[in-house]
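Letters A, B, C, D and E name the chains as they come in the text, with residue numbers starting at 1 for each one.
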Amino acid sequence: EGERYVLVSHAPDSDSWWNTIKNGLALGGEQMGVTVEYRNPPTGDLADMARIIEQAAASAPDGIITTLADFDVLSGPIRNAVDSGIEVIIINSGTPAQAREVGAMMYVGQPEYDAGFAAGQRAAGDGVGSFLCVNHYIAQPASTERCQGFADGLGVPLGNQMIDSGQDPSEIQNRVMAYLNANPDTDAVLTLGPTSADPTILALDQMGLAGDIYFGTFDLGGDIVQAISDGVIQWGIDQQPFLQAYLPVVVLTNYHRFGVLPGNNINSGPGFVTADALGLVADLAGEYR
Amino acid sequence: MTTEPIIEMRNIEKHFGAVIALNGVSFDIRPGECHCLLGDNGAGKSTFIKTMAGVHKPTGGEILFGGKAMHFDSPRDAMEAGIATVYQDLAMIPLMSVTRNFWMGREPIRKVGPFKFMDFKAANDVTMSEMRKMGINLRSPNQAVGTLSGGERQTVAIARAVHFGAKVLILDEPTSALGVRQTANVLSTIDRVRKTGIGIVFITHNVRHAMAVGDRFTVLNRGKTLGTAARGEITPEALQDLMAGGQEMAALEGSLGGTV
Amino acid sequence: MSNPDATVDERIKETSKLRKALIRPELGAIVGTIAVFAFFIIFAGDSGMFNAQGVLNWSTVSAQFMIIAVGACMLMIAGEFDLSVGSMIGFAGMSIAIISVTLGWPIWVAIILTFVLCIAIGALNGIIVVRTGLPSFIVTLAFLFILRGFTIFFPQLIERRTIIGGISEAAEGDWLAPLFGGKVGGGFFIWLGDLGVIEVFSRGTRAGQPVVDGIPMLIIWALGLVAIAHIILTRTQFGNWIFAAGGDAQAARYVGVPVNRVKIQMFMFTAFCACVFATCQVIEFGSAGADRGLLKEFEAIIAVVIGGALLTGGYGSVIGAALGALIFGVVQQGLFFAGVESSLFRVFLGVILLFAVILNTYIRRIITGER
Amino acid sequence: MSNPDATVDERIKETSKLRKALIRPELGAIVGTIAVFAFFIIFAGDSGMFNAQGVLNWSTVSAQFMIIAVGACMLMIAGEFDLSVGSMIGFAGMSIAIISVTLGWPIWVAIILTFVLCIAIGALNGIIVVRTGLPSFIVTLAFLFILRGFTIFFPQLIERRTIIGGISEAAEGDWLAPLFGGKVGGGFFIWLGDLGVIEVFSRGTRAGQPVVDGIPMLIIWALGLVAIAHIILTRTQFGNWIFAAGGDAQAARYVGVPVNRVKIQMFMFTAFCACVFATCQVIEFGSAGADRGLLKEFEAIIAVVIGGALLTGGYGSVIGAALGALIFGVVQQGLFFAGVESSLFRVFLGVILLFAVILNTYIRRIITGER
Amino acid sequence: MTTEPIIEMRNIEKHFGAVIALNGVSFDIRPGECHCLLGDNGAGKSTFIKTMAGVHKPTGGEILFGGKAMHFDSPRDAMEAGIATVYQDLAMIPLMSVTRNFWMGREPIRKVGPFKFMDFKAANDVTMSEMRKMGINLRSPNQAVGTLSGGERQTVAIARAVHFGAKVLILDEPTSALGVRQTANVLSTIDRVRKTGIGIVFITHNVRHAMAVGDRFTVLNRGKTLGTAARGEITPEALQDLMAGGQEMAALEGSLGGTV
């Protein structure tokens, strides 16, 4: 009773996708009757994140839930936390193997490269041969892995098909339009989250390509769900962030209270959300989905 | 000189935090006269005329304008009342054109429907002609003030004050950085302006410049008046002594042959 | 002893008439604009950059920059600058979203309240700068952090998320929203499309419609603001005061220019421009995010400086700033059209900034007699 | 007529002796530091913030800020500032990574080459500023974009990703790397751990070892740089030149101070500090990312300004800047310990900045007789 | 005055872009004399002495120092050679302490092992005593220059030049902003310094100040010398005329009673 868990993410303050994580975390804490805290580096600097993990460890919580956005940077602090008796669960980024290596209890998430690869294969099956990857956060390694995985899944070189779109919606929109104007034979568009997907939807709408061009995206959001049901987006890869925050809280609490532990890692994604299976997703997108 | 004073300042005090800059100064200025304000560095001359011009609010004392008590809340108020000032640090903006500087704060307005525009044509014409009256031929009214010489800038400032129909014109050390010719120019301008009935307050460290145009002389020392004398009542040497506070002057003067 | 012809100073060597005619604050920006267009016409002429859609594309981006550049330009001429513009954009968008979506008030109320709020914050910035005499760099840097902090904090507190959507629905049928998010001249473009002057969509849901279906209000706002600011600056009394406040605040104060008021009003105008930017964006995209407007303050300052304004105030031109914004937008989009690796955009931007500013300094020195 | 006692001016009211003794450039930062510690001892005293691990945590963060603040402080006193510090950090890290991992050269070669490269870029910054007379704000803003652009472009071009790892392996056994990434005083901490003064790991391969196993070189670098910079600034001829260059470049030039050289050297020193920061980070974490160092330039400037330096140069204190960095680090980490919503950190930061700078201005005016 | 000149400047020319500031000026300065440099605003006086002090490189002409041709690459070189200058714009840094200003560019060094520190103890002592010699009692050597008055700052600058054993001391309009007492102070300081055998170049617009201490007088006009006269060879009135370029002076003088 009264355990304290800290979730550390690599996302900058302003990244909206992480709300679902925060909400899942809060709900988990409430239901299990434990204290939960969310921490993140304000600018998304991974080196700052390492300090936050150290600092979370110093405050002696019962468990730390963290992403493993860069193994090199974060493995040291995580290992220290593990060795000083704090249970750690890796979520969202990194791989199960890396999680084991740092001594974490388990891994809950979606390996980014694999997810991209699976999406690429699916698109290849749908007859896609070239694509545009709209990368709104190019400095983040996971984002590049998604694009790379997609390209490898398609079996084409990534080349210049990934653009650094920036984070301003109007710039994203216009850059997508510029790219598609300059490369009219592009078969598909891949976006990496609501930040890039929402303006891309508008861009395609402007160009009259909405519904015409093959469009897939990572991570869900309100507009994305709407676009899926409108048939503009073929599929969204849902890694179910809610689970990534909620399950570790449940697992940790039960482990601390009763010593029970699932026997394996949990893959929260990739799940392809298509127009056929929207239902609840539409209502809760951006909050719990 | 029995006319009524335009401005009368009575017992003005001004404190800046711990510094007492003025400690009870009285002064008045009448139409058509040139009243010289003299005194050591830091005596409080600039502070005093800034009080007169509405830049500082006096800590104590009163200002009578045309016989009535006045409170200037801003330099604008003082300007509206007819007090124009040419400051020691020139009050010209080098990056701006002569016309814009000339009219700064009192731009001529031309109405187009409900909109008010600045009337550049009129502004330019007046600037050129006023400058010509002062003996300066501008290349163009759009010339930046930064391209003018020090004497020319001084003249622009005086010309604008005169043009705006000042009743009192305050000049803070207008000649200190000027050459002989430019100085003579400024002094004769003062003389010309005085003859139009405007009262002039002229601050200088140079007794000869003061004697050349002054009708009355007031000496400040450490924030207090040492007294006011009319032209003819005082010799240049006496004035000089008074300005220096009488200290050590004998010795210095001796060694330098009395030529300072 | 001296030259009898006093109007000609024998110590000044001659300068050509042509050079004199060309020498104006905007010259650097004009040269830059020509160079940039020439460059892209050569290297991206056939990439669709100069067809109707392409033109609209970079015009929209440039218009965005222009809106904030106008505010930054006026403020910079008045001798201050505002690093909180970017945060203000995020803050304003979020404010509209919270008022309209969360509180459920009509969108026009949300827009008006947000404008009032932002302008008040601009005034607060200005009052602090003017009262304390601190450099505006520091004061507005503080507000950069404070506003961004609130922009992230409030929606999380209230809505448990940092992106609030659903504004499009709220804006439907509203009388004020189209002023920011609409398009004008639709009929004209359909006519052009029918004439074949501009292309029509060949596939997709809108096949047969013209590729450009109107001019976004964003562009109208940008042009309007540029025109009004230019007229105010060059043709009115208030414009003269703005120059005076930035050129030498003390001197201006002495001749009765209400310098403090002018500066505070310019801070308010900058906030107004940021708010216009934010409102257009929110209405167009239908959502507000806590990360909107990041680094926009720098982009505004860069456009203004490319446009020939002096960082220390008292000198500059709105037209120049608008051209600076145009250069900025064209380069940014043009590199995509030209197929240059997009991360190199930043490198280009830095280099252009350096060259523009060196050219501008040279021109300014000739004009103002500075040394 | 005048007061006969010439040494006492009757027009100056008295000031208390105590006030005179307290009045020094660092006063604001000292007061701030005390206030901040008092605050967190009260509100986060039992949260682990002041156990060995916690102290190490905020010390490390503060040390990071200190390293760049020292450079920024010296440069600011010399009358310039550098907005490219953050980009330089990213660039330096990436340079080490590319040379050591991609090219496979020994890490000490990579470190030395990177230092040479960064210092050369710092010099270039300085030379452009000094030669063209442009404000350093603009020049270094251009380099902010240029360096960040290359930092993203090169790794993508070469390795097709924006983060390069594997530096830890490359650094193993190297003679130079421990100077940046190592720890000192291990024995002492083991002894403390054995005594039970600090906690020990309870499990894993390192069970029984103390949780804090040494003081990171980062902290040693920070303290060393602060000490050296402080001595140079206050006790040497060169220090006097730095003050002179920032106070009035023209006046300094006239009496024979090589102002241009001093300024360029300060730009180089700033680049050096950024490079130390980057190297420590890269060696400690084993990877370089294109996003490292974002916004660090502002953080450095804020620390320096909180520390009492004048934005326009000629006045400041390295000790003050170090205390500013300490305040910054303690507040940033302390708010986490105190459980405050992290987005509010920025709000706090902005407010602290405003108050500090108002206090500092007041103190400075008393010291220097400015008005 | 038949001693060899310390510095001889021959036919100096200096162009700034399109502006020809100096067009062949010759000038020399001998030990123990005060050579006054006079002339209108913009005549080129400041430019000329900056050339002498190594700030500007002359476009043409030659500089002989102790009979040998010299090229100063920087103000530092000129200082090393013994040419000290007090500039019109004071060359003091208000934010820095008196000691730091006094020693700026020539800080006393104390070696501790391989390290060189600035010797603050010695620096402070010398500063205090030099200032006392000039008649100024500082509260503390750490006092910021910004808290001193204009005359005091001027004196700090002169004191430092004298202390560093200048052979030639150049003063650019040191009296223009000063009150009578401060002026007398500076003039008597000049007189004192001259008697130690230092050559002084004294720039002023004020003929009386020049006549008070000058041994020779050179007048510049529009970048050219109008000639050099020794004390006694020329009356103040003739000098005045020369400085103003002779133009319009008759008329002006008349209207102002010849007192300028």
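Note that in this section contacts are C-beta pairs under 8 Å (C-beta built on N, C-alpha and C of every residue); 3 or more make two chains touch, one makes a residue touch a chain.
Chain labels with UniProt names: B, E = Galactose/methyl galactoside import ATP-binding protein MglA; C, D = Xylose transport system permease protein XylH.
Since the model is a prediction, treat every value here as computed from it, not as a measurement.
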Both-way neighbours, i.e. chains that touch chain D and touch chain A: C
Pair of chains joined by more contacts [C-beta pairs], A-C or B-C: A-C
Centroid comparison with chain E (C-alpha atoms), farthest chain: A
Whole-Å separation of chain centres (CA-atom averages), chain A against chain B: 72
Where chain B and chain E are represented by their mean Cα positions, the distance between them in whole Å: 30
Chain A and chain C, separation of their C-alpha mean positions in angstrom: 34
Numbers and ranges of chain E residues touching at least 2 other chains: 245, 247
Where chain A touches two or more other chains, by residue: 13, 138, 164
Residue list for chain C, restricted to those that touch at least two other chains: 148, 152, 156, 341, 343, 345
Interface residues, chain E side, partner chain D - complex: 53, 55, 74-76, 79, 85, 87, 89-96, 100, 103-107, 109, 116-118, 120, 137, 144, 146-148
Chain C residues within the chain A interface of the complex: 44, 47-49, 51, 53-54, 57-58, 60-61, 64, 90, 148, 152, 156, 160-163, 165-166, 201, 203-207, 209, 211, 281, 284-287, 289-294, 296, 332-333, 336-339, 341-343, 345
Residues of chain C touching chain D in the complex: 128, 132-135, 137-139, 141-146, 148-150, 152-153, 156-157, 298, 301-302, 305, 311-312, 341, 343-351, 353-354, 357-358, 361
In the complex with chain B, residue positions of chain C that touch it: 6-7, 231, 235-237, 239-241, 243-244, 247-248, 250-258, 310, 314-315, 367-370
Chain D-facing residues of chain A, complex: 13, 37-40, 42-47, 50-52, 54-60, 70-74, 76, 79-80, 82-85, 103, 138-141, 144-145, 148, 158, 164
